[in-house]
Every structure is written in structure tokens, then in C-alpha cells.
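Presented below are the structures under discussion, each in the form of C-alpha cells.
First chain A sits with chain B, and in the next complex the same chain sits with chain C.
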Partner chain A sequence: MNKKLADRLATAVFYFIAGIIIALIAFLIGYILFRGITVIDWNFLTSPPRTSRPGGGIGPQLFNSFYLLVITLVITIPLSLGAGIYMAEYAKKNRFTDFLRTTIEVLASLPSIVVGLFGFLLFVNYMGWGFSIFSGALALSVFNLPLMVRVVEQSLSAVPQDQREAGLALGISRWETVKKIILPRALPGIITGIILASGRVFGEAAALIYTAGMSSPNLNFNDWNPLSPASPLNPFRPAETLAVHIWKINSEGIMPDAQEISAGSSAILVIAILFFNISARWIGRIVHKRLTAS
Partner chain B sequence: MINKEERKEAIEQWNNQTKVWTEKRGKAVTFLAVSVMILLSFSILIFVASKGITIFTKNNASLADFFFGTEWKPSAVNEEGRPLVGALPMIFGSFSVTILAAVICSPLAIGAAVFMTEISPKFGMKVLQPIIELLVGIPSVVYGFLGVSLVVPFLRNTFSGSGFGIAAGTIVLTIMILPTITSLSVDAIRSVPDSLREASLALGATRWQTIYRVVLKTALPGLLTAVIFGMARAFGEALAVQMVIGNSTVIPDSLFEPASTLTSILTMGMGYTVMGQVDNNALWTLALMLLLMSYVFIFIIRIIGRRREQQ
Partner chain C sequence: MIEMLKPEVTGTEREGKKEDGAVAIEAKNLSVFYGEHQAIKRVSMKFPKHRVTALIGPSGCGKSTFLRSLNRMNDEIPGCRVEGQIFFQGMDINSPKVNVFEVRKKIGMVFQRPNPFAKSIFENVAFGPKNHGEKDKEKLEYIVETSLKKAALWEEVKDRLHTSALALSGGQQQRLCIARALAMNPNVLLLDEPASALDPVSTGKIEELITEFKKDYTVIIVTHNMQQAARISDYTAFFYMGELVEAGETRQIFTNPKQQKTEDYISGNFG
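And then the complex of A and B:
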């Protein structure tokens, strides 16, 4: 009987742990959303921040976050597709591949502040691009690349081997097999992975503090010429993102309503992550249906 | 006149040639992308290391002071004329929050993983897994904000002190690495073959006996890897910790008094120092130390992985 009692006790403990974690998560997410939602309105989402008076918004920061995300994806998608295809299709099982895998793993586990400081040295100072969207996007790409390569590699490796054999048996080259047969089949997984990675890029702050900077110039949202300094599209202007903004107003402590602004911004970030997660599942499923015609 | 045979041959040859060419081009292009990754990781090491050692090579700081000294005032010098770069308080802070967070988090995370795989797989898959995946994606500044607005006031009211300190840092990091360790542990436990479970149950073992004598034992290397990944994340986390730790470069007397970590001093200081000056060079040494520690974590994970392969 003793061991049955132990079994029941253990089961109870596991239920307890699961219960605690669910309660904790529900409490934390609920806290962020409920505190934040009272702050969020149209004015908060569109107006620029005010440093020493209450009532500012997060308009430019929100725009910067999205703009940086787009540029980062433009840089990382082609590179990670290439590297992922190499790792999944061309890399032979040898020491060099082992070394490549370790390199990618090391890059993926670098603290993001180190990536940010590397960007500060290379892009901001050495290349002379200053605190700018361009420097920030490159630093984010360094941070994002290894994750995306892993996503592409895993999605490609999940495609059954007979598809490759069928392609080669038809007399088409390996490259064409990858391009025309394997890649389309792996696409749902790749797209899901890209959207999930976007969520991480969207909320990243440590890599951006010293690359995209902690300030945002007065933007003129009627000027869409990327070369003019007040244009939101100008890639060589400093760009504080939403996540950096939360950090800055909490550590500087000049803004009188820093707590409210942080609560609202945190809620926006969490909602954005929720949106990225749900749409990743959803879009992945739709693309899968389209391609497999099932 | 070229006859049919010859024409066919010529076309085939041409086809083969272009095919070989596309194939070669494809391989070259993808290899180029991989080379970018290699180039990046070496240049990160070279750039950060070359800045990180200047405090020792140019400013004549001593390595022993860095690891064992407790006074961090890089712009001032001691009686030997060496800059005061005692990083022990930060090293101590970083290791304390990392180890404490791992100790608190691991039982919870592995417990949750067991629940999701062995006790209630349906509920685990449908409800817990998506929630955990969502949590992995929540930005660290949001955790930092939660720390500042919930954890620090709670600690201040419950215990003595300002509330900022190692305890607050540990709590924030525990919540942050919980999803990381949980999802990796789930993978580790799922990879234990069902035949082992069935054999154990057939021998008359209860579910709990099966879990801790068979499942957890078999999954142990994977679980260790999960915990180390969590620790690596905790060690390198900058902003969330910086917001709640207090950023005072002393070894604190209690868990509730301001302390500091490598990342917190680095993040704060970079903006207030000028490139090339002594106090700035000292900060780059902290960055180099972070970089080297992340190599150490990967190295440990590799060793565990190799052991698993040998078994």
C-alpha cells in the first residue's frame, strides 16, 4: 500500500506544481493587460512621448519597432534560407559541419547585450553609421540569424527523404530538387518559425540600446522621402523602439507618469507577442492546406 | 546536316553542363550564407576580445585584481598605480542570481514538464504548451517592468531594505527561465522511448516509480542540458536584471540589499563613459567575460551531449 500512497502523493504534487504555474502566468499576464489597457487609447498610440510632463504617447516608438523588424527580416530571411539549406541539404557528416553547428549554437546563445555592444563597435563606430536604424537592424540580424537558420534547417530536415530521392531519380539536380520540391514542402514550418522569431525581434531591447539608440527625432509622418532627416523611413536616423523606451523611462526616472507609460507599452508588447504567436499557428496551417491540397 | 542522334547528344550535353552549373551555383550561394555566420562569430570574438584586454595591456590593470578585488572604480588608481578594477562584486552577483534562479526554477520546470508529458498529456499539449511558448516570447523588459512594479515593492514591504537586490533579481530570472527550461525538459522527456515506460509498468511499478526511476533517469542528460540553457540565459540577461538589482558594486550583506551583475554594470555604464578611456575599457572586460562565459555554457552542453551519445 505504501507505494500506492507515494504514487498518489507524487501525482498530487505534480498537479500542485502545474496549478501554481498556471495561476502565476494567469496573474502576470492579467496584471500587465489590465494595468495597461486603462492607459491605451488612440492618443497614446499615436502621439510622441513627453519627457517631463505626463500624458505622452508612444507613436514614434511603435513605428520604429515595426520598421526595424521589417528591415531585419529583409536582411535575415535570404541569409538564413541560404545557410539553412546548406546545413540541411549540403553539409556532409564531418568535422567541418560539427564546427559549423557549434558556431551557430554559440551565436544563438550569445547574450543580447554582447551582440549589441559588438554592433556598437562595428556598425556605430567603425563603419560610422552612428546610432541609426541601419546599425540597429544589423545588430538585430546578428541576434536573429542563428535562430532562423535553425528553423529553416529543422523544417527542411523534416521533409521525408523519399522526396529527395524522387527528385534525383527524375534527373533534376540537387539544387533544383531543393528549390522546387523540398522548400515548398518545408514552407509552412519556415513561415511559422519566421513569425515566432519576429516576436522575439519585436521585443528585443538590449541589442538596440547602443545601436539604434535611445532617442527618436521629431518625425514628420507626412514626409515619406527616405533621404530627408525628419522622414520616418530615413534609415540613418536614431530610433528608440518600444522595448527600449520601457527600459529607458524606468531607469532614468524623469518622466512623471513612467509607471503608466510602461504599463501601457508592456501591454502593447504582450498583445503583439500574442498576435505573432496566434498568427504563426494560423498562417502556418493555411499555407500547409494550400500546398498539400488537403 | 546534323543528324538526329548528334543533335540529341548535343542537347543532352548542354543540359548536363547547365545542370552542373546550377548545382554548383546553388551550393556556392548557400555556402556563402554559412560563411557569413562563421565570419560573424569570429569577428564578435575578435572585436570584443581586443577591446576587453586593453585594460590589462594598456592601462596596466592586474588580472588578479579583476577576479578577486572588490573595489570597482576604474578611473581611480591604487597605490601601485593600477586602476581599481575589482569585479568580484559583479561576478558574485551574476553567479548568485543565476545559480539561485536555476535552483528554484529547475524543480518547478521539470515538474511542469513531467505533468505535461506523463500525468496529463492532453491538457499539457492543448493548454500548457501554447502558454509556455507564449511566455518564451515575452520581452525581457516586460519581466523587468513586472519586477519593478510588483516584486520590488513586495520585497520592500515584507522584508527590510529597499527591495532592490539579489532576491528581486532571482525572482525575475526564475520567471524568465521557467518557460525555457520547461519546454526543453518536455523535449527531453518525450524522447524517452515508450517501451521503457511499458516495461516498468509491466513489472508492477507505479506511475511515480516509473517516472523517477525510469523516465527521469533516462532523460537526465537532456534535463541537465535544459537547466544549463536556462542558466546561460539568466547569466546573460541584462535589462530585466538591471532594473531590479539595485546596481551597487558591493558584495551585499543580505539578499534584499542593492547588488550588481556583470550585465547590469555594463549596460548602465556604457552610456556614461567615453570610448578609449580607462573606465570604458574596464566595461569591455566585463563584456569579454560574458562572452567567455557563454562559450563555457555551450562547452558544458557539448560535453553532456557527447556523454549521451556514448551511452
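And then the complex of A and C:
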């Protein structure tokens, strides 16, 4: 066939494939939202679940998802910044560094159920913390850390080398160059990466089933003392998250409106993920704009 | 064996009356190795104060490597080893006891491609002094204004000092980088092909600046543009394959070179 026809055909094929993918995603998200949106109301979002009667909600589970996310970020952000800065700015380019990078890649692709079972063995049983927010956050950190290190390292490496030279030529040290020139410049990428990783952590289930547990005690939202057993902030209490709750309802839910609750929870989860993704790109774009053309 | 010639300094014909015959910086038997490869081969030369010295030579001859040794920037390249001495203000800056950050405060550098920071114009120029302890706001504003004026950029940016430096054109960005280097008030200014990435108009502006700089600074400029070297420099050094072939007054190098290689390069027979 002649070149022009082949070119047009190839373009059409690529558009078609892209169209299929977009349609797939739109259908998936649309279906979930459509099924679940009618269930969502303020009562659904704030009241606790009911084991056998209709009308339960996902209040504690929603809170647990966010709380776990915050604690995981508190643990992983400093660690990944340190490791990422080391890998990008200080590590010599030798076989050991390559090996380190490969190890991190492998850790990042571990199945989350394996991370969860590891957490179960180490945090829940051996350390004796039981099913708790603490165990769950640590398992999520193991899961999240390789991803974040990669994000930080790549964002830093993307900053052109001439920026480092410019800094050094002014007589400042390598750490000062990293702190005052490279890190600020890499910030949009790092922020975007953190928010996208948060989306993944928020929706994680398998790593939490055996670490944060599948139950949530009756939370007294008026009690903010982290040491009190009924307080939402107590890190040593079991904490079923939204994603785990969906799984539990569908496998052992005996309440009559199980399907509706599952649909509503899924819709909330999808909305949360969309929110993370969209705000990640939006915030990243704003920070980048301020950095380069303000 | 190629002779190393030291530049002749005759005070009487020079413009700029400051400290004729004084040497700002001197290299003695300087060698630079990248791993096993020797990029600079035992180069010795003196750079006179308040003069412009141009380093010329074909691509890969080592002129940029040599320039970067003068402010210890080659330290940042893994696998790079330096032998020999570089004397500046009475000290050998290659000695391990020397504080390399102090050296780089006094010997500034402008690179081939403009590399302003992703900050405002003001922040770029104030960055050096701020990081070396200057906190007085008025003093910083004064330094920024003076440096931008010296780099002939003040009029163009004085109304938008707090906008991003990345919005400037290439020529403006390079003048900003020059202002940033000047804000440190260095003794010596190292320019690594500062105009090669710029259009002719910007190049002309920068060449004018360099001629002005002589009053306050010693300038060493690497250029692959021979006409530029002839236009703006007092002294010229010709490098070839890591060796200093010939160095002397620009006028003499370009009209009556003593080495055949120099003559060949100047006439465009190679390079």
C-alpha cells in the first residue's frame, strides 16, 4: 500500500486504541459512580457500620483511611527525601548504587499481600502490636517507601546539571546547593509524586487486611486523647479502612443492604482517587508555574 | 619539545594604570587527568592583573578544562585528578588545606550556556552574597542594582526584579549570570565561551562588558572565536592537545606567532 495510506491507517489505529482505553476507563468509573452515588449522603459518610441491620455507614472507615495515610506520609516523606537525595546527589555511580536502585525497584513491585503478611508476622505478632494503626502504617510504609524514593530521586535527577555547577561556582557547598537550588526546583515533581503515591496508599487493601485489621472499635470523636482506647487518634487500635471494608462486606457481609453499602463505598473510593490524581497534577502545575514564570 | 612562553608584560602601552606587571593568578606545571587520560599536560602560565587573557584552541584542546582548574571546578568531576600548582593571592589553591569555597568566592565563573536559578531576577543576583552572610536588605538591594548595572541589564529589568529569571531571553539570562558572578565581588572572572550560545547582538553587548570589566577584575576567557579573542583580549594563549603551545600579547600572537602550530590555527588551516 502506498505511504500516505499506511500513514493514515497507522494514525487511525492509534486514535482507535486510545479511544478504547478512554472508553474503558470512562465506563469503569462511570459504572461505579452510577451504582454508588445514590447511597451517599451525610449519614452514610459519618455513621458507623451496622453488622446485621440496614442503614450502616462508613464513617470510622473513612477516618481510618485518612489517618493511616497521614501517618504513613509522616514516616515515608522524611525517609524518602533522605534516600532520594542520597541516590541522586551523593551516591557514586558504581555497581553498588546500581544494585541499590535495582533493590528498590524490586521492593516497589512486591505484591501488597506479601507486604501485608510480612507485616502480620513482624509487627502484629513478633512485636506484639496486634492489629493496629501502627502495624498498618508500617506495612504501608514498606509498601510506599520504594515508590517515594524513586519519585524523589527522579525529580532531583531531572534538574539540569548546570544548576549544580552554577551554585558551586558561587562558593557554596554541595549540601547548600541541594537545599537551596536543587530541591526547590525539584519540588513540583516531588509534590506530584507524593500526592499520586497517596492515592495508591489510600486505596490499598491487601497490605492492611492482616495488619490494620478488619474491625474498628466504636470511635468517640469527642475524645482526642491519643492514649485513650476509644479515641480516634489512638495508634494502637485496630483500624479497618475503606478498601478493606469493601472487601469484608462482599465476602462476609450479612446486612441486608450489603450491596448498596459496597457500591457506595466503592464510589467514595473512586472519587477519592480521582481527587488525588487531579489535585496532584493541578498543584504540580501551579508550583511549576510559580517557579518558572511568576 | 614545544617551548612554554610566558606573556611579556610591558606596562607603558597598556590602558588601565592599575598595578602593571602584577600577576593575578599563576599556573605552574599544571596537569589534569580524567582517569588515565591526561587532558592538560604540564601547563605553566601567568595571568596579569586587570587584563583580559583569552584561551584559544581547537575543540578538545583542553582550554575549558584548564579554565575550570582555576576555580577548582574540576573537583566536582568524578575520576578527575589534578597535579601541579595554581598560585592565587600567595597560596597554592590546589593544596588540600585551602578552603575551596573561599577560592570560588574570589574567582567567579560564567558558563557557556546561561544557567540562572529558577528564582526571581533579584534572588539570582542576591543569592551569592546572601549565602555568604549578607543579611542587610538595603545592602543587598545595592549589590543587586550595582551588579545588574555592571552587566548592562539594569535598565531592562529594573521594573521586574521579582519576576522569574527564566522568563528572560538568552542574552539577558547570560548577562544575569554575569551579574550574579559580579555580585560576589571576585578578583578574577572566568568566562567559559560566554557568548557562544547567544545571537550576535547579545554577543556584542557581552564583549563590550568584558572590556569594561578590566578596570575592576582580571578576566580569563575561553573562546573558540578567534576574531572575538583578537577584539577583546590583551593577552592570548593558544592550547593544542592539552599543551600550551604559545602565549603572549594578542597583537603579537595574531600578527607574528612564533610557533608554526599557532600560525596554522590562526590562519584557519585546521581546527
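Things to note:
We adopt the following convention: the second predicted complex is superposed on the first by the 271 of 294 C-alpha atoms of A that agree within 3 Å, B and C clash if a C-alpha of one lies under 4 Å from a C-alpha of the other, contacts with A are read in each partner's own complex, and residues count from 1 in each chain.
Please note the rule applied: contacts are C-beta pairs under 8 Å (C-beta built on N, C-alpha and C of every residue); 3 or more make two chains touch, one makes a residue touch a chain.
Being a predicted model, the structure only gives us computed values, none of them experimental.
When the two structures are aligned on the shared chain, A:P146 is found in touch with chain B, with no touch to chain C.
By the touch criterion defined above, A:V13 lies against chain B but remains apart from chain C after alignment on the C-alpha atoms of chain A.
Using the contact criterion defined above for the overlaid structures, shared-chain residue A:L291 touches chain C, although it does not reach chain B.
Partner contacting the larger number of chain A residues, of chain B and chain C: B. Legend: residue contacts after superposition of the two complexes on their common chain; A:Q163 is shown touching chain C, with no touch to chain B.
In the overlay built on the shared chain, the residue A:S173 is in contact with chain B and with chain C. Contacts of A:V201 after superposition on the shared chain: neither chain B nor chain C is touched.
In the superposition on chain A, the residues of chain A touched by chain B in one structure and by chain C in the other are 172-173, 176. Of all the residues in chain A, the ones that touch chain C in their complex are 92-93, 160, 162-173, 176, 180-181, 184-185, 291-294. Only residues 19-20, 22-23, 25-27, 29-34, 36-38, 40-41, 43-44, 47-48, 51, 107-108, 111-112, 114-116, 118-120, 127-128, 130-131, 133-135, 137-142, 144-146, 148-150, 175, 178, 206-209, 211-212, 229, 232, 235-239, 242-243, 263, 266-268, 270-271, 275, 284, 287, 290-291, 294-295, 297-298, 301-302 of chain B touch chain A when the two sit together in their complex.
On the side of chain C, the complex with chain A involves touching residues 71, 73, 76, 78, 101-105, 108-109, 111, 113, 115-120, 127-128, 131-132, 163-164, 166-167, 177, 180-181, 184. Across the complex, chain B is touched by residues 3-4, 6-7, 9-11, 13-15, 17-18, 20-22, 24-25, 28, 31-32, 35, 78-83, 85-87, 89-90, 100, 102-107, 109-115, 117-118, 120-122, 125, 142, 145-146, 149, 172-176, 178-179, 196, 199-200, 202-206, 209-210, 214, 243-244, 246-247, 250-251, 259, 262-263, 266, 269-270, 273-274, 276-277 of chain A.
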